[in-house]
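The following pair of complexes shares a single chain, chain A, combined with chain B in the former and chain C in the latter.
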Partner chain A sequence: MSTPRLLDAGIVVTGVGPVSRHAIGRAELAGVATEWSDSPARDEWLRPLDAFDAARRLGRKGWRALPPAARYAMVAARLAGEDARLDADLDGNLVGVVLGTNFAADETVDRFDRAVLAEGVRGISPLEAPNFSINVAASQVSVDRGYRAFNITLIDLFTAGSSALWTACQALEDGRAPVALAGAAEGRPPRQSTEVLAPTLDEGAACLLCLETTDHAAARAARPLGQVRAGAQLFVPAAVVEAPDRLDALTHSLLDGAVRALPAGLSGVDVDVVRPPASARAEAVAAAAIRWTAARTDAALVGGPDGGRAAAQASATAPLRLASQLARRTTASRALVQVVIGPEGHLVVLVLSPTA
Partner chain B sequence: MTLVITGLGMVSPVGEGPEAYWQGLLAGVSAPQPITDRPGIPDSHAYRVARADADGSTRDDRRPRCLDLARSAVRQALAGAGLGDTRDSALHVGLFLGTGTGDGEAAEQVRDGRRSAGTDTWWAYGGAARLGDELELTGPVQTVSTACAAGAYAVALAAQSVLRGEADVALAGGAEVVSRPALAAFLRLGAVDPVHCRPFDAKRQGTVYGEGAAFLVLESAEHARARSARPLATVDAGGWSCDGHHLTAPAADGRQAARAGREALRRAGVLPEQIAAVVCHGTGTPLNDRTESRVMTELLGPRAATTPVTAVKSVLGHSGGAAGAFSCATAALVVAHRRLPPVANLDVRDVECRLAISSSPQPVGSGSVLLNAYAFGGNNISLVIGPVS
Partner chain C sequence: MTTAIQQHLDEIREIAAEVLEIEPEEITETSSFAEEHEADSLRAIEILARIEKKYNVEIPQAELPKMVNLRAVYDVVAQHAGWAA
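Showing the complex of A and B:
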């Protein structure tokens, strides 16, 4: 439907776990001045995640056979749990995991296939064999943390991390668990993905948010960073993108609904229009959202007049931007609407308000 | 709100379309074929879908095959539901696709020299969006890749989408084709039966890859009634859990799989004795079948010995991300026909799998059908599919 759906249950964000070349952990994230817009293309198309030291974060054992995205996801989960001050003894049946990813298995699948062609199936290490499956990163979070309420992997291009956040909110609303870790983890992207995402991509990233029902968070005196009020997930087919009137009607109806979902008394709304700079299709949808924002006196775009052109961390980009804004928010008077637009037509909207 | 299934579509190793599929399952006769179109994995086999293009011409192997199968299943399901045109701007239709490896074949062809790298060879998971564009969908379009439980999770998420009013109608299903790196990994893990897929048989040695696509049309009973659509079955509820134990092996105690089953029954408001049949995950892997048998015995209690159970992978092979969707579609047909397809290739049943399995079709009494889907990472889901009242 072209209006966000209000959550019946109160869902709050109580922790963030970013792993990126900009920042690892909330403290570093809060100190990063960037709004996570992509820097202009440089000579290289792939930037290393050189600040990530798996041994320092995960210890000496238990991760070496795992693909990089699973390592990033494990660290992001630990950081989000620490940031939320989740009890280490929390019953794992009470915590679910929803992870978005696009490239968690890409490098592994490519390497496996080349090894099979060169050496047959013996070219694959049995220890690494499971890593062809794109859900290994999410699964490893549950193995590592003992989170057993549910474990879901979503993979739509660019928007999967935001879909994961919305899916987790709805699972909590349905009473499937009171806590969920949700977001995205990415491994090394293929070079051709620069053609629809961004000229320069990061070799990996992850960002998980700790989501909780307000009751659960209050019972343990957690300190919420924001409350998820509503969300939407829909598809904008090419036929609608090519019809400006229909596109404006759909986008503006969504954003009008987002504002209606907010509690009274806020001084305004920040609109974060996150889309990949290399996608003309996403840009057309973004332009409609930006027009809506420009027409309102109480709304402001995050990241300046052009908003959030960013995709270097693929599906982790939007969760990282969201975490960044939650980590740096000091005033409790403005709402945040994140509009995440994929190059293939996917659109996810998350509506957050400050918490008292 | 009651959620109903009003259309089914399948492209499977035993036939296309609900009727051919159902008759194929009841016959219980199929066999894996040698894989001859994938350099690098000689002596491997799978339950394949052999099909020409829609116009009868020889298939162009450069076209995305997983998408082709999904498209066929979706069109069948829409036609069966009497939903010819999804472009009605007032109708919000969503699509939820479960898949493990998507259309990775294009990249495989680049690596083995059968084609050049291009803009259409690097991203294996664009099928759902392609269908979204073709059908001009404006509901949620989502690709779920929770390994071998993806198809069932796609149905569960689609059901919730309709229940919450995010979509008027949801297409839910899965699609999978042979993936060389995935099959090679299974071979390397020693998880492939060299003969055929034989769940619950004492001599089973693993699973066997399968191909296919299955889709269901979901909508509220009220919505179906308003457009005079005939419901086949209801989607009552699902239970989710995760072992959090190991990337490939299920937790042998089956505690979390049992929790998913109990949760599905609880949410559906169904007692174990109201389960008329079970569509097992039934992969043919020794530990998986034993664990699932234990879980179903615990869940169904004294009735476990008499509640008919089937395992459609014995006929279809293991279609990974599509498998759970095939189980959902099968459960809908079981509810509609009150018959349960046989477990094929059952020569000597494993004495540790004490479920009511049969190599012949079994009658099914009144009540609901429980289905299970389990996956890499210990991800579990059980769904309850019920009769239309």
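Showing the complex of A and C:
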């Protein structure tokens, strides 16, 4: 589908829950100068998540048998809920969970493979056996918080976190629930993923946003960080990527349509074009989005000197960058458009306006 | 209590504590895994699996309902491992 969907009901972001090597929690995120860009190439391809202390964040029990991505997701969910000041007694039937991930299960599956080859089935721990499933992180968020409205896991490479945010927005717009926690959680990536994402990757990260219908947020006097006005996702065929005119026609009409959802009176549009630096295909699509930005007198690229080339947190990269910008936004007059492009041709667009 | 029995009890206590995510000292010979240490069926199977691996012994899953505390686990393992009473 190449037509953006404009949201009528109004979906607002009322909290963010970042977990990354740069920052854990909104306060830290707001103080970080980085634009979530990738560091220049260095000796090691994998950067540790040293600052994450599961026992401190989750207590002494209930997480040790879970994969790291599930632990990060659970902490991100708690942080997002706290940031949004969600009532701890909120009816779980009112809250859905949508999570994107690429590598939540990779480390577990790899370990299981080696154990089976070395020891047979006895090498697999029964307690860890469920962790081979890619949806374990999202499921554990729902189990931990008691959220039962819906639970969805998406896995498109790099764009899954943004797809999750957009899917959650649509679910709220369609009345499935008034609240959702959505974003991404990542575990340790396999080394070969550096070939399509970035030369240096993080061993894990997560970022969940608390999304609410405007009515629900207003009823509990929440303080929104931004309002999602429109979104879109589509697959850009390789043949289109190779034809700049067709690529511009496709992406520009999509972006033109999406920003029509913005209210009048804004002073401009900030555009964050997020794509993995290792992907020429993503870069080609990004160039089309950058051309669209350049053609608008009221638009400006954000993302720092890298221009949005970042993928160290895989599918959590874009939600982290979005949360970072929402947490640090000081001007209430500019819209924010995030264009997220994956190495396999997925494109996700989110259009947000400031809130009064 | 003989040294061998105590050693086995301590080893099983370590295994159970790790699976139940508590300190070994919290597990007494008669404290209930389910009621006092929040064990569920999956954790019970995990304890069984680790014990089988450590002692290279096969314990039928039909024995699981008996394995409600440290002493009971020891008794089941001792029976199937042929440990002298």
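Going forward, the second predicted complex is superposed on the first by the 351 of 356 C-alpha atoms of A that agree within 3 Å, B and C clash if a C-alpha of one lies under 4 Å from a C-alpha of the other, contacts with A are read in each partner's own complex, and residues count from 1 in each chain.
Assume a contact is a pair of C-beta atoms (placed from the backbone, for glycine too) under 8 Å apart; a residue touches a chain by one contact, two chains touch by 3 or more.
Bear in mind that the values here come from a model prediction, so they are computed numbers and not experimental data.
In the superposed model, A:126 lies in contact with both chain B and chain C. Judged by the touch definition given at the top, the superposed model places A:116 against chain B, while chain C stays out of reach. Residue contacts after overlaying the shared chain place A:51 against neither chain B nor chain C.
By the touch criterion stated above, A:64 is placed in contact with chain C alone, chain B being left untouched.
In the superposition on chain A, A:134 makes contact with chain B only, not with chain C. Annotation for chain A, partner touching more residues between chain B and chain C: B. Taken together, the two structures place residues 122, 125-126 of chain A in contact with chain B in one case and with chain C in the other.
Across the complex, chain A meets chain C through its residues 60-62, 64-65, 122, 125-127. By the touch criterion given at the top, residues 1-2, 5, 92-93, 96-97, 102, 109-110, 112-114, 116-117, 120-122, 124-126, 129-136, 138-140, 142-143, 145-157, 160, 163, 167, 170-171, 174, 176, 190-193, 195, 232-240, 246, 250, 342, 344-346 of chain A touch chain B in their complex. Partner chain A is touched in their complex by these residues of chain C: 19, 21-22, 38, 42-43, 45-46, 49-50, 52-53. Residue ranges on chain B touching chain A, taken from their complex, read 39-41, 87, 89, 92, 94-95, 100-101, 104, 107-108, 111-112, 117, 119, 121-123, 125-126, 128-129, 132-133, 135-147, 150, 153, 157, 160, 164-167, 179-182, 184-189, 240-248, 256, 259, 375-379.
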